[in-house]
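These are the structures, in structure tokens.
Look at the two complexes coming up: subunit A is in both, with subunit B in one and subunit C in the other.
This part shows the complex of A and B:
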């Protein structure tokens, strides 16, 4: 019994030490920016493989690309590693001059050798995003002849056809075209893997920050790259994996993180009342849509497709469930893309929809299912659509499922209606046109399976038009072709596109210069600082 | 004891006992794990989720998709796939996780200690507080204390841990500032020590990084108390009912008649006997926590096994799910063994 007080004393001591300690740790260090973000989508840090949201953003801040675009005006393309370029008269050979005096974080100089190596490597490794470069006719066997170094700071790239130069250049702004430090990567090569197994978890770039550490599902730590010309004001950027959005909000309001990246609309509304917090947002190259499977005889009727487009309350979804997270957009090209049209012709019009359904011989409506991933946002939108469909007698049954499960079914064309998001693969209009407006082979064993295929839709002449648009070398004419394609899909396509995604971040007031661009790899912390 | 004398050789008998016990254990472990692997494997292959999607994503061109599918061996017959997996698993190769790209066992070596740390502290708290509370409730049956313990038990059972976790964060972290926010350790400290066991409290203490140690302590207190509360709710209820059972036994009356102090009767005699079934209760509750409390881990951004397996399952990352299932299976079998051994220690009749 005598021991008891001593035990309590030490317990009390432990408690006070712990609490006094936490009091010291109130705010993040002034030279460190801490994000709370769901980063469990990262599967690789190798730019030749990166195709996920979070890793794209990390690559954008740590690697440089040959070409980049102005995030305020996407039509302005500029050289990042490239100083200048010319296109041959036949439109097939691109000659690039590389900026001199650039250095990697490792200290190795950046030359044309690294650029050629990086592009060839991405094609040879042939990971998911490699097709972005493969579109120009490159494959494992020919890429070494097609992309060639012609001087210490000069190289040429020869495409198989005379594509629209904007198309080629926009593709070169993708993460997959990031410049990798050849010397460092090859020092870590094993069994001819071009350093892939090493680079998956390491870093060999020249961007404003270098990647110091990645612990899967835990944290990514970036550190200032001292060799970068325009030195980053911050010494460190930390991305903490915080799955739960309510936890993100707590950490932000307490000042233990500087930016919360995944808050839901109610949480954003709540934190925006906090005088220490500001909310920033940017439209992203992602659209929300319904895919209507044309194997379903009802959905295959043109009047029904059109009727359903009149049965979505676009404005209500954008103003409530998706407030801060989406704005009404109905064309397949997101705002900010070459040729994107932003007039949204459809609005909720039950009378018109009923008319159209009657014309299709379905004046009492019909029953149909929709595969819906069980994320709160998707479920919320799906329920809203369910209620507006019902106003015209369309009984929509929601089939909830896990994301991958629903996607598996969708990819096998076994759905009636699918609700989901589509983000462009690269900043060129062809990315979305190719999937929404083209389908070379609508048979079950087709080789290519674009969204048009997944919904069993044969777009007829639109496919040829999509292929022609990518070859059009006059940018203005090209834009016009995409406008026509969008109008055609808007009018008759099996897609009810209703929103363009907005990315929203809640930041502490003292954070300055975290810039969000139209794609994830243009979310930049390069010049961010804390006041 | 009596039996060993009758057999005429205590040493032999004990040896034989331990040998049989060991053989039994190995057998149980092997069959349990094999069964677990088989069930998990086939369920994993039957679920309508395409595992290739987790690797290449939704956008991969068909050629890449087909190549990866082949690399994974998914085009082979199921039985053959299972055989390949088993052969590799026996040599300790459980494959790589798709989501983290690490070998599965490396991931588990990272996530399990986090769960272990939390579960152990939680069980300690639950046991150290739950047993005395349960005993008290049984002794003062029907009193205010009994009602209080019942209320605590009921609340612990019925309040969703997710909600309670968020509320406790709101109170102790956001409002009062007594504890730091979610996470295992502050980022500033996370590079001060080298992870050896991946049990942060142990690593930091062994390397003399006391600042980091205390930071880790302050991080673990809240989630450990929360888990502790839930095991406390269970343990105190069970202790109460075991004790009520024991207190009604004749030997308790006999002890009282002998004039033993009430303290001695309760703590030495009754509790000693109630301890035998209690061991199973505690072991089970510990095993439950070791499985990883997904919700607690999510709220507290705790990179533990529960989150890992759930995340893997949702992405059809079957290597990770299989590896995790095996670890949990082993934990259950081991805890069973430990409670068996404790039985022998606590209950002379089983010797």
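This part shows the complex of A and C:
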């Protein structure tokens, strides 16, 4: 019996805690923006390694790059850390002048030394995105000679060939070219790792926000950087990992989060009727496509490739399953890119597809498998495609798996058909042309493995054309070359590109200034505020 | 003697069945069955369970005639997607514009397929392991029972998940995985029964007559264990359905577009708040069928278990 008071006491304590929790249903603090988002893809916070969707966005808000582009008009490039630049007459040497009086969040001044260090570091560490810089002929051994500091606020960069300047500059807008605080990073260096193990979970940048905290699959917390010249209105931005979209919706409706990032079309339709919530969207430089492996004898027939392009109900998918989240797009360059063509020649035409299949000697259709990630969006699209394929007798069997499984199989060229997304690595058309229309070596142990390689497709003369387009310095001629490449791939390529992705965010009414740019790393909270 | 059973006595078939002095084995067995049926029908819930199971069988058998639409080919995505229950679509439509009612009807075949296969695979394994180890005893018993213990130590769904992950997703592999994980309890029951039977006088008598061990096990021990196993398997069927649905829900059981109930619930959860019927209808089907098997199992136990209060 002695225990009894204690029991009552603890029971009362639990009761008060439970009730006080339900009482704390207030909105998020006015100086804090809370996102509900699926951020389980983050594996590192080091800009030299970041190559995932959510970490790229976080890097975009916390680091500055040498150059950036206007998110309203991608063709306008401006210097962010760079003040100005010149290109030598032979088109190989770039000289950059750095803005003075810039400071990192740590308080260290930002000089050419940091810029040169950051670019060299990315090449030397040689992580996934390093090829974006490496393609200009930099590698571990020569990068210290090719990227050189020439003054306290000046440095030069020498490429191996005379590439189109826009191509070079667009590559420098990518996350991998973010400027890292050399002093702070080197203070945390261990065994010559250039601070890699430390920066993986820490922050050394100069952007509008600094990263305070990252707990994997849980939360990322950004804090205002007091040293940034255009001070952010918000003191704090929190990205919460919420896996279920229905949960995201409920949290948003209750005001526990300010922005929900992964709602499905039905949920978007439902919340858009809520007077406290507004829906914002932006087309992204990401396309949805089917990759047809040319190692499969049926898919290798040109008539079959074409027939399958007539067996996708593009419009219905865009209007229903992917409503708000994608628009019909069939060329490999997303809308808004230099030279992108937007007329979509294919539509669902079963009779024509049957004709083409008959020409290929497959009058009664054939059976084929498709590797599908088990995310609801992908499964939904895959099933819709499965049913339209069936109308022409093409029996499509779906093989579900998680993203890692299907990708591994895809990268080993062991699939029949693969369904997935492709996001450009940088805003230049070469990013996609290089992967969809070029394949230097189609053998199993090739060094470069673009999408054309993954689908065992030899684009023939298109490879040379892609390489030539990169060197073309006249923008108009260059655009025309990309148009031709797209038409060729549309006509004969092993890719059924069907959608361009649109990113949707549902926000509370009082959120203002959360900007979604054309690429996954340009969703900016820098000037967001809450009224 | 053999040949036609004697004519029914004046009081008719019932009296013949209930006769205290049956004229043949036949009559005795039928009489026993009739008594069982009488006590079974006294339990209305058990009859309800039986009704549900019979309905499931009927629906699965005549799915082609009952279902108004195709279970896999959807209608027009633009106009027939996610419609609420109505006269045309009794239980509404799902995200691929397919009729949920038709899908549930066809899904009953998959459910039945899983139940039947699992019982066919798991029951004999459990029975064999249990009777052999119970009858032989000694090191055979120790080895077999420790293996059983190992399987029992794993949570069932987790072990099934591991097997499916190793074998690859698909309904056949799900069946194998469930069968592999569901035999140990049967082995345990069979062994317990065998331990009671092995020292009985009639076993000793057969032994003295020179019957071989296999003959004793299969001819005398197994038949006596079967009735309690049947009860246990029937009660387990609800669990089997749930495990299959669980695997389907996790994307490791039946694959799209096949109308497996668990997979249907999994798709439906994306639309849970506004289009509740997409998840609720297959969920209801799972619930009703599981309940049916549980009620039936309960009723059967009352009838078949000789040790139950009588």
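Brief remarks on what is shown
Everything below uses one rule, namely that the second predicted complex is superposed on the first by the 509 of 531 C-alpha atoms of A that agree within 3 Å, B and C clash if a C-alpha of one lies under 4 Å from a C-alpha of the other, contacts with A are read in each partner's own complex, and residues count from 1 in each chain.
Following the convention adopted for this analysis, a contact is a pair of C-beta atoms (placed from the backbone, for glycine too) under 8 Å apart; a residue touches a chain by one contact, two chains touch by 3 or more.
Given the structure is predicted, the values throughout are model-derived calculations rather than measurements.
Taken together in the superposed arrangement on subunit A, subunit B and subunit C fit without clashing.
Of the two partner chains, subunit C is the only one that A:245 touches; subunit B does not reach it. By the touch criterion defined above, A:335 lies against neither subunit B nor subunit C after alignment on the C-alpha atoms of chain A. Applying the stated contact rule after C-alpha superposition, one finds that A:473 touches neither subunit B nor subunit C. More residues of subunit A are in touch with B than with the other of subunit B and subunit C. After overlaying the two complexes on the shared chain, residue contacts for A:380 are found with subunit C alone; subunit B is out of touch. By the document's definition of touching, neither partner reaches A:347: not subunit B, not subunit C. Once chain A of one complex is fitted onto chain A of the other, the partner contacts of A:295 are absent, as it touches neither subunit B nor subunit C.
Superposing both complexes on chain A places the Cα centres of subunit B and subunit C at an angle of 40° as seen from the Cα centre of subunit A, in steps of 10.
When the shared chain is aligned, subunit B comes close enough to touch A:43, but subunit C does not.
Aligning both complexes on chain A leaves subunit B and subunit C separated at their closest CA atoms by 6 Å.
On subunit A, the patch touched by subunit B and the patch touched by subunit C overlap at residues 244, 246, 250.
The touching residues of subunit A, counted against subunit C in their complex, run 244-246, 249-250, 264, 266-267, 270, 313, 316-317, 319-321, 374, 376, 379-380, 382-384, 386-387, 390, 397-401. By the touch criterion given at the top, residues 72-74, 76-78, 81-82, 95-96, 169, 251, 255-257, 267, 269-275 of subunit C touch subunit A in their complex. Against subunit B, in their complex, subunit A makes its touches with residues 14, 17-19, 21-23, 25-26, 29, 32, 34, 40, 43-44, 51-52, 126-131, 134, 200-201, 215-219, 221, 238, 240-244, 246-247, 250-251, 253-254, 256, 402-405, 407-409, 411, 425, 447-449. If you check the complex, the residues on subunit B that touch subunit A are 47-50, 53-64, 67, 98-102, 107, 110, 166, 169-170, 173-174, 177-183, 186-188, 190, 211, 214-215, 217-218, 221, 298-301, 303, 307-308, 311, 314-316.
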